[in-house]
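Note that the chains take the letters A, B and C in the order they are written out, and that residue 1 is the start of every chain.
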Amino acid sequence: MTRRDALPLVAALALLAVLPFCGLPGSALNFLVTTLIIALAGLGWNVLGGFGGQYSFGHAAFFGTGAYATAVLQLRFGWNAWGGLAAGIGLGTLVGLAIGYLSFRAGLRGSYFALVTLAFAEVFRILANAADLTGGAAGLLLRLEPGLATLQFSDRRLFYLLVLAFVGAALLASRWIERSRFGAHLIAVRENEEAARALGVDALRVKLGAIALSAGITAAAGCLYVQHFLYLDAGVAYGTWISVEALLAPIVGGIGTALGPLVGALALQGLGEATKLLAGGVPGIDLVAFGACLIAVIAFAPQGVVGLVRRLRGRRPAEA
Amino acid sequence: MLAVEALTKRFQGLVAVREASLAVPAGSITGLIGPNGAGKTTLFGMISGFLQPTSGRVLFEGQDITAEAPHLRARRGIARTFQIVQPFAGLTVAENIAVGAYLRHPRRADAVARARAVGRRVGLGAELDKPASSLTVSGRKRLEVARALATEPRLLLLDEVLAGLNPSEIRDILPVIRAIRDEGVTILMIEHIMQAVMSLCEAVHVLAEGRMVASGPPREVCADPRVIEAYLGKGAAARLGAEAADA
Amino acid sequence: MYAPQILIEAALNGLMTGAVYALIALGLTLVYGVLHIINFAHGALLTCAMFAVWGASAWLRLDPYAAMLAVVPLMFGAGYALQRCVIGPASGGSDNNILLVTLGLSIVLENGLLAIFRSDTRTLDSDAALQVVEVGPLLLSTPRLIGFATALAVTGLLWLLLERTDTGRAIRAVAREKLGARLVGIDVDHVYAVTFGLGCACLAVAACLLMPTFYVNPRSGAAFVLVAFTIVVLGGMGSIAGALVGGLVVGVVESFSGLFLGDSLGQIGIFLIFILVLLVRPTGLFGVRG
């Protein structure tokens, strides 16, 4: 990793930052906001799944906790949206630490870890669907009330930039992982936990650090989601859809690379829109494309889109 | 420096190591030999913290570390290699070694510089930026040593680093091991290749069927009838002695 | 608090549902035991089988129990082909990849069904669901009783297949020692595909037993799959006896927690068991470590 490798990252962010000021229609802006929120959730997943090799199938647990915390604190306790956002990220991180502590201390990995995270997310979903605090099955509706304190802007581009800022921060965090001792330890644990421990790596602590950071980032995505749509129910917050989106984006984009989740989210959401356009109103057709895409990536391009680009770039000088 | 006192390890009724004791003086190269299945690697596992002994104690520099986790022992200055080499396959050789170097050098630049220096020292200078998965057997063995060495240990546990190497590769790596000791690292090594043990070790301990059967300077130990029996079966020493008398 | 009759009925209902759960779990545990993979597409495959039974009944006017004769071989073939042509080649043997490929498969199947059948819920238009048998003071649903008996019989048959036939011996050999099995000339890829096919055949039987009293929509399988995972984890991954006992236990637990907590919270009991078993004893009650 050299300074030059940071270039695509900066370029992507700059491009995304100027895009809404080039006369994009509102629907395209909405599409970008949703895509960036999913990219953010995916960036979170990638910290644990990509760099740490621990595949979670239940990142909805963190996404939903962030979203519900933001909404409940505003609606029930009169907090402003910024406080809700901070608390949502904090709570999501704590949930991540708790789930991580229980599962990693029990030595769960691979399929078992995937299953236990999935089960935790389902427990949260059922609880949120039943509890009064979270609005039960009816869900929660945030009041439409533009203002700085409510994080609702009459110019939607401002909210878009806020989301982009979070994506930028998560990208920075991923870059830091690639270049730090923590990251080296995390990758070592992914590759071979026993060998890492022999070299003085506290594997449990490293994995806990990873799941905390991962959960925090994905929780931030949840907070922004509810601020954007102003509505939340248990199926949205803790549903399997977000667990799946959060893992699809990095895997399709390039697992364990900083830029992968962003590239993957853009590619997948673009693909989704395209299939919907082609197939008309057939429900589920975009997800069929996602699933097929996942299988194809694993079979033919295990390093995702980023890996493909790198392979092409690496080949070019040899051909020249 | 290291003292192992009456270590016993039981796996569901099977006793892998029984009341084994040994001492490794500071600055020495000490050998641990014995037939296959004698419990050598199990003993290493207990010294490095990957296995909890059923009973007995492990002392490092006078302190009881029997219950300490492996990564804490590494911080104290105990490093080990694995008999079945375990490279981080997705990383380059230098990155592999850097994982070890990060133990004493938290800053990336320091750790990487340190890793490259250690890599060159064990003869991996040309391979530093290649993926670890591309290394030959001998390269992987060197990588195991380099990674352990990068943690800057005071005690280095080598588990059959010479196994699988050809004679010329062994000849190349022996001076490396000796040089490590000369820089002040105490070494305890499991080894099958007797010439290497003879040329490197000041003292040798022999483990057979989980028990310590002999210890002393390599030449004496090799002549010990108990050791010959451990390797060649009961009565072998007597037979060999008789044959020698006949001749 | 509750009349004994209600409690007994809840227990019996739980046992009857549990036997069908056990059948679903059996397919999962068999695949795990041999291929050492967790098949995330299991739920979606169950949904496919349920749609097949519904189709046989709605379009061909076949009785759901008679449909077994067609749906079981169909699902066996589908499972064989999936493992041989998709899961095996795409995953390249890596555990994490298999996990993701089967996840991808479940997304494709579930949403493919959604695209074809939409999200409407369908039931068989027969009155079989309402038939009951009187056993002393208790009223038991006939189709569930049939389901119970058939599920137990199929479990027994599967056990006989594994213990007494050459195919079964080959499957067990591959489960224990893949490399060794290959060395003595067993076609491991074929055995993998047969095992996966058998797992799907279990689902086909379960679908035929479920449909008379249950409904199908593209997400119905998902409701069963976590339950099946719980059973498999509880019973020990790869253990047939474990799947049976685990299925019955989970059926009863679900029935009681539904009775005490109400339907929406009732499912929580299962997930809590699931999480607890994973955290405390991931090898399950019957499983062997390793």
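In this text, a residue touches a chain if its C-beta (ideal position, glycine included) is under 8 Å from a C-beta of that chain, and two chains touch if they have at least 3 such contacts.
Note that this is a predicted model, so its numbers are computed, not measured.
Chemist: From the Cα centroids, identify the chain that ends up most central relative to all protein Cα atoms.
Modeler: A
Chemist: Report the pair of chains linked by the most C-beta pairs in contact.
Modeler: Top-ranked chain pair by contacting C-beta pairs: A-C.
Chemist: Farthest chain from chain C, going by the mean of C-alpha atoms per chain?
Modeler: Max centre-to-centre separation from chain C belongs to B.
Chemist: What is the distance, in whole Å, between the centres of chain A and chain C, each centre taken as the mean of its C-alpha atoms?
Modeler: 32
Chemist: Distance-wise, how many Å sit between the C-alpha centres of chain B and chain C, to the nearest whole number?
Modeler: Each chain reduced to its C-alpha mean, chain B and chain C end up 50 Å apart.
Chemist: Just how far, in Å, is the C-alpha centre of chain B from the one of chain A?
Modeler: Comparing mean C-alpha positions, chain B is 44 Å from chain A.
Chemist: Along chain C, where are the residues that touch chain A in the complex?
Modeler: Residue list for chain C touching chain A: 37-38, 40, 86, 89-92, 95-97, 99-101, 103-115, 118-119, 218, 222, 226, 229-230, 233, 264-265, 267-268, 271-272, 274-275, 278-280, 282.
Chemist: Across the complex, what residues on chain A touch chain C?
Modeler: Residue list for chain A touching chain C: 53, 55, 57, 102-103, 106-108, 110-112, 114-116, 118-120, 122-123, 126-127, 129-130, 137, 240, 244, 247, 251, 279, 282-285, 287-288, 290-295, 298-299, 302.
Chemist: Under the stated contact criterion, what part of chain A meets chain B in this complex?
Modeler: Checking each residue of chain A against chain B gives 179-181, 184-185, 187-188, 190-192, 194-203.
Chemist: For the complex, which residues does chain B have touching chain A?
Modeler: 48, 50, 69-71, 74-75, 79-80, 82, 86-91, 95, 98-100, 102-103, 106-108, 111, 147-148, 150-151
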